[in-house]
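Here chain A shows up in two complexes: once beside chain B, once beside chain C.
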Partner chain A sequence: MKRMLLTKKRLKKGLKGWLSALPFILPGLILVSVFILYPMIFTIQISLSDYRIVTGEITPVGLLNYKNVLFETKEFWYAYRNNFLYAIVTVPLIIFGGLIFSYLVNNLKKGQTFFKVGFYLPVITSWVIVSLVFKYMFGNSNTGMINYLLVDVFHILDDYVPWLYRQWTGNGAIWLMGIWKNMGWAMLIFLASLQGIPKELYESASIDGAGIWNKFRYITISAVKPTIYFVMVNMIIGAFNVFIQVMLLTSGNPNGTTTVLQYLLYNRAFSKFEFGEASAIGLISAVTIVVLTIILNRTFLLDQNRNGE
Partner chain B sequence: MKKSLTLFALVVISFFTFVACTQNTELTSEGDITITFWHTYGDSEEEVLLNTVMPLWNAAHPNITVNTVRQDGSQYHEMIVTSFATGNGPDVARIDISNTASYANQGGLVALNTFADFATLSATYLEGPLSTNLFKGNYYGLPLDTNCKAAVVNMDLLESELGLTTIPATMEEFITAAASRGSYSINVSGVGDWDLYPYFWLFGGVLTNDAFTQATGYLNSQDSIDSINKLLDLHTQNIFTIRDIDGTADAWAGIQDTYVMFFEGPWYGFSDNIVASTIPTYEGRSASVVGGEDIAVFTTSEHQEAAYEFAKFMTSEEVQLAMLTVGQLPILKSLVTNAAVVSNPKWSVYMQQLESAMARIPSPNNDEIKTIWSNAMTEIFLNHADVATTLNAAATAMDAELD
Partner chain C sequence: MMEKNQYQKFKTRNTFTQIFIWSFLLIALFIFSIPFLIMIASSFEEFSYVLPYPPKIFPTSLDFSAYTYVLTQHNFLTALKNSVINTSITVVIAVFISSLSAYGFSRIEFPGREVLFGVYLFTLMMPGFLNIIPQFIVLKNITFIPGLSHGLVGSRLGLILIYTATSICGHTFFLRGFFKSVPMALSESVVVDGGGHFSIFFRIILPLSKPAIGTMSIFALQGFWEEYFTAKVLVGANESMITLPLLLQRLNGEHATRWEWVFAASILALIPIIILFMIFQKKLVIGGLTQGAVKE
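Moving on, here comes the complex of A and B:
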C-alpha cells in the first residue's frame, strides 16, 4: 500500500515535471513532427504504394516499387555504384588536399587571409554557376576549353571529345567539380584544427631533431585525426547527396551511366510520375548513409579505444 | 506554471488566427474573376502577348482578369508536377504537346470536350495539332501553336563545298554531292526522339502501328533496320554527325561555317545565307516531326469556365495571327492559306513541311518511350551495338509502355 502510494506520488511528480517542460519543448516537437517525422513516415508509406499526385490516391502495392527499382533497370545500380565511386575518389582527395593546403597556409607568415578567401571562394559560389563553367570547360568542339586546348592549341588529340557524353570522362568531370568545390571547406576546417595545436609541441620536436615530415606525421596528423573523421563523415554523407552537377553536366547520360541516386530519384518523381519508386530510392539512400555512418563511427571509436589502452 | 501555459496558449491562438486571416486576402468585386495563365514564351513572344494579345482580351472580357506568369522553360514540367500536389498551380497553362497525355493521365487536366461548343470549335483546328490533346477518348487541351522541323541550309557552303547552286529536291542528290567533301555536312544534336525521328522516318523507318499500340514488327522491321543502317553508313562516310556522339559543334554554331544542312524548327538564326527549305525527299518520301504547344485547363482551377474561355481566345484568328509575327505557327485550318503565312518565305516552308510531319507517340508514358529510343540509339551509335538486336529489345520494351 505504502509502495503504491510512493509510486503514485512519483508519477504525479513526473507528470508535473513534464507539464512544466511541455510549453518549452512543444514548439520544437511540433516542428520536428511536421517537418521531419511526418514526411519520413509519409515517404515510407508512398514507397509501399502507387501514389497519384493530383488526386492524392494512395494504393498499397507492397514491395513492388523496391522490386522495380532494384531489379527492373540497370540505372539504379549505375547510380549506386556512382555514388560509391564519387565517395571513394573525391573524399580522400578532398581530405588530402585540404590537409596539405591548410598546413601550407598555416605556416605562412603573410597573406593567410588572401589564401583562405581564395580557397573558400569555390565553396560559396553557386553550384549552378560552377556547373555552367564546367559545362563550358568540357563542351564539345572548339567551344569547349579543354577540347580547344587539346585539339587546336597543343594538337595532343586529333578529334574533339564529347567529354560529358562518355561514361568515365563524364563521371570524371563530376568528381573534379566535387573536389574543386569542397576542398576549400575541408581546408578551413583543418586550418581551425591546426591553429589549436600548441606551438610548444613543434618546438620540442625540433629540439629532439624531428624533421618537417616527422613533425607533420607525428604531431599534425595525430592532432587533426578527430577533424579528419569529422570531414570524412560529412563528405561521405555529401557524396550520397550529389545532384546538381549531375543534372547540369551530364543528366545521367549516356544511358544512365553517370547518374546518381538523387538524380535518379528526381527523374523518377518529376519526369515519370513514379513517386513510389522515387521514395523507395530515397529510403535506400538514407539506409545506406546510416549504415555507412555507423560503420565509420565504430571503426573510429575502436581506434580511439585502442589508443586509450 | 499557469502563467507560462496561458502565454503558450495565447501564442498558439494568435498564430492560427493570423494564418486564418491571411487565407482570403484577394479581394475582388462581385462577378469579377482572376485567373492565372502560365507560359514559357520568350522575350519577343511575351512582348506580343502582353502588348497585343492581352489588351484584346481585357477589352472583350473586362470581368475576367488574367495574370500572365512567365515560367522558366527548363524546369517548367517539374513546376507543373509540383503544382499538381500543392494545388497552387495555374488555372490555364501553355504546355508542351508531349506532356498533355501524361498530365491528363494523372488527372491534372480538365476534359474540354465536355464543354458544349467543343465540337464546333475543334472542327476549326488542324487535325495533327488537335490530335496531340486526345487521350483515352477525351480532349484535354486545345492546340495553341504548332511547328515542325524543316531543312536549314547554308547557301554559301552548299555552293562552295558541295557545288550545288540550289537546294536539292532529293536526299540522294545531297548525299552524292556531300560524299566527296570529306567532312560533316549534316548535323544533329543528339539521339533523342526530336533529333533523330525525322531522319529515321525519312530513310524509311517505322515506330509503331497506326494506332500507336504496338512497336514489335515496326520498330524492329527490316525497313527500320535499313533506316538506322543508312544513318550509320552516312556517319561512317563523314557526311552525318551527331554532336553528342562525336563531340562536334552545335548545329546553329556549325551552320555558320561548317555544316551545310540540319533540320530544325522555325526558331531564329535565319538570314539571307541561312535559309529554310523543305526537307529533301528520300526515295520520294518526305518526313518531319511535329512540335508545338497546347493550352490546357487545370483541374485544380476554381474558375474552369473562365479558363476555358481564355484558352479558346488564345486559339482565335486574331491572336493566332498576332503570335505568328513572332514565329508561333497557327493551328487554325482557316489560316493555312492566309496571306501572312503564304507570303512569308520562312512560315510558308514550315507550313508546307507540316503536311509530311508526323507526331511523336502520344502516350502518358512518353518519357519512358523517349528513354527507350535514346538508349537504343546511344547503344548503336556510341557503343556500336548490333542494330537488329538493339531494335528488337527496344521494340519489346516499347510495347510494354504502349496502351
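Moving on, here comes the complex of A and C:
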C-alpha cells in the first residue's frame, strides 16, 4: 500500500517534471526527431532495400547493398583507407602546429591579435574557396604555383607534375589543405586554454632557470592535455567528414584512389541514384566513428586515471 | 647592484626572445597566407582564358573588371541575398531553440532526462552527411504547407529547417555546460518573487550567458555561411535559391575556368565573415567551449 503510494507520488513528480520541461525542450525535440532521429532509422531501412526515389518504392533486399559496397568495387576500401590516412597524417600535425603557434603567440607582448586573426583566416574561409585556391596552386602545368616554383624557379624537378591526377600527390594535396585549414582552429582553442594557466607558474619556472622549451614541456603541455584531447576527438571525427576538398581537387581520381567515404556516398546517391548503397556507406562510416570515439574515450580516461594516481 | 644587473640581463634576454618569436611568427604567417595572396593577386588580373605566367603572389596591376563582372553577372546578388537571409534566420532560430533546450536539460529535473540527452550526444557522433538522403525524402513529403505543393525540397524553409535541426544537438550540448555554471542561488531570487522557469530563463540565464551565446552564434554563423553539401543537395537545382558557396563552385565549373572571376567572387564572399570575426574576436569566450565539453 505504502509502496503504491510512493510510486504514485513518483509518477506524479515525474509528470510534473515533464510538464515544466516540455515548453523548453519540445521545439528542439520535434526538429531533432523529424530531421535527425527518424532519418537515422530510415537510413537503416534504405540500406537494406532497393529504394526508388521517384516512385517511393522500397523493396527489401537484405544485405545486398552492403555486399555490393564492400566487395563489388575497390572504391569503398580506397575511401575507407583514405579517411583513416587523412586522420593519421593531419591530426598530429594540426595539434603539433596549433600548440607551437598558440604557445608562441601567447608569449608575445605585442601583436597577439594580429597573429591570432592571421592564423585563423583559413578557418573562417569556406572550404569551397580554399579548395579552389589549392586547385589553382596545384595546377598541372607551369601556371600552377607549385610546379612553377619546383621546376622553373628552383629546378628541383625536371618536368611539371600533374599533382591532382596521381594517387599520392593528390592525397598529399588534400592532406596539406586539411592541415592548413584547421591549424588555426587548434591554435585558437589552445590559446584559450593557455590563457587559463596562472602566470606565476611560468615566472617561478623562469627564476629556477627553465628555458622556453622546458617551460613548454612541463607546464604548457600538462596544462592543456584535456584540450588536446578535445581537439583530437573533434579533428578525428572531422576527418570522416572530408568532402568538398576531394570533390573539388581530385574528384576521387585516378580510379577512386583519392576518394573518401562522404564523396563516395554523395556520388552513389546523387549521380548514380543508388540510395541503398549510399546509405550502407553512411552507416558503415557511422559505426566506425562510434567505435573510434569509444576507443579514444577509453584510452584517454585510462591515461587520466593513471596521471591522477 | 647585482640584483639590477641580473634584472637587466633578464630583460635583454626577454627582448631578444620577443624579437625571435615575432620574426618566426611573421615568416610562418607569410607562408600561411600564400593561398590568400595568390587569390588577391589573381583577382586583379585580366586573364582572358590564359593563366598568367609566372603565377603571382603580389598584384602587378589593379584591374577591377573581375569584381565588376561578378557583381553584375552570375546571380551574385541573388546568392548573396540568399546567404545573408538563410544564415541570419537560421542562427537566430537555432540559437534560441537550443538555448531553450539547454535550459530544460540543465535546470529542470524530469525522468529520462539523461537518457534523452545521451541520445542527443549520440547523434553528434554521426557523420553529418549520413542523414541527407532521408532528410531529402522527408522534405519532399512535407506537402501540406500552402504554396509549396511539391514539398520543401528546393525551398528556403526546407534548408533552414534542416540547418536548424542539425545544429540543435551540438548547441544544446555546449550551452548546457554554460547554463550549469550559473549559480542556482541567482534563480532562487526569481522564484521568491513568484517567477517560474520562463522568468529565470529570460531574466537570469540568458543575460548572464550572453558571451557564451554570442560566441556560439558567431561560430554557427560562419558554419552556415560556408555550408555547401546540404545546400547543394536541397536547393542546388533551384536557380533562385542558390547560395554563395554554390555559386563559387559553379563559377569554377563553367567552361574554361576564369580564375579571376572565381577569386573575385571568393574575396567578396569572404569579406563579411572576416569583418565579423575581427569585430568580435576579442569578445569570444573560447575557453568555455572546450570546458563544457571536457568536463562531461
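Just so we're on the same page, the second predicted complex is superposed on the first by the 283 of 309 C-alpha atoms of A that agree within 3 Å, B and C clash if a C-alpha of one lies under 4 Å from a C-alpha of the other, contacts with A are read in each partner's own complex, and residues count from 1 in each chain.
FYI, a residue touches a chain if its C-beta (ideal position, glycine included) is under 8 Å from a C-beta of that chain, and two chains touch if they have at least 3 such contacts.
Treat the numbers as computed from the prediction; the structure is a model and nothing was measured.
In the superposition on chain A, A:S193 contacts chain C only, with no contact to chain B. After overlaying the two complexes on the shared chain, residue contacts for A:F273 are found with chain B alone; chain C is out of touch. With both structures placed on the common chain, the touch criterion links A:D152 to chain C but leaves chain B unconnected. Legend: residue contacts after superposition of the two complexes on their common chain; A:T55 is shown touching chain B, with no touch to chain C.
In the superposition on chain A, A:T113 makes contact with chain C only, not with chain B. Of the two partner chains placed around the shared chain by superposition, chain B is the only one that A:Y165 touches, whereas chain C remains out of contact. When the two complexes are overlaid on their common chain A, residue A:F216 makes contact with neither chain B nor chain C. When the shared chain is aligned, chain C comes close enough to touch A:V130, but chain B does not. Between chain B and chain C, C contacts the larger number of chain A residues. In the superposed model, A:T143 lies in contact with both chain B and chain C.
Residues 20, 23, 53, 142-143, 269-270 of chain A lie in contact with chain B in one complex and with chain C in the other. Listing the residues of chain A that touch chain C in their complex gives 14, 17-18, 20-21, 23-25, 27-29, 31-32, 34-40, 42-43, 46, 53, 101, 104-105, 107-111, 113, 115-122, 124-130, 132-137, 139, 142-145, 148, 152, 180, 188-189, 191-193, 195-196, 206, 212, 226-227, 229-230, 237, 240-241, 243-244, 248, 261-262, 265-266, 269-270, 275, 278-279, 282-283, 285-286, 289-290, 293.
Put simply, chain C touches chain A in their complex at residues 10, 17-18, 21-22, 24-25, 28-29, 32-36, 38-39, 42, 51-55, 57, 97-98, 100-101, 103-105, 108-111, 113, 116, 119-120, 122-123, 125-135, 137-138, 161-162, 164-166, 168-169, 172, 196-198, 201, 222, 225-226, 228-229, 233, 244-245, 248-249, 252, 259, 262-263, 266, 269-270, 273-274, 277-278, 281-282, 286-287, 289-290, 293-294.
Residue ranges of chain A in contact with chain B, taken from their complex: 19-20, 23, 26, 52-55, 140-143, 147, 159-163, 165, 253-256, 269-273. Per the touch definition, chain B reaches chain A in the complex via residues 1, 4-5, 7-8, 77-78, 81-82, 84-85, 102, 105-108, 243-250, 253-254, 299-300, 367-368, 374-375, 378-379, 382.
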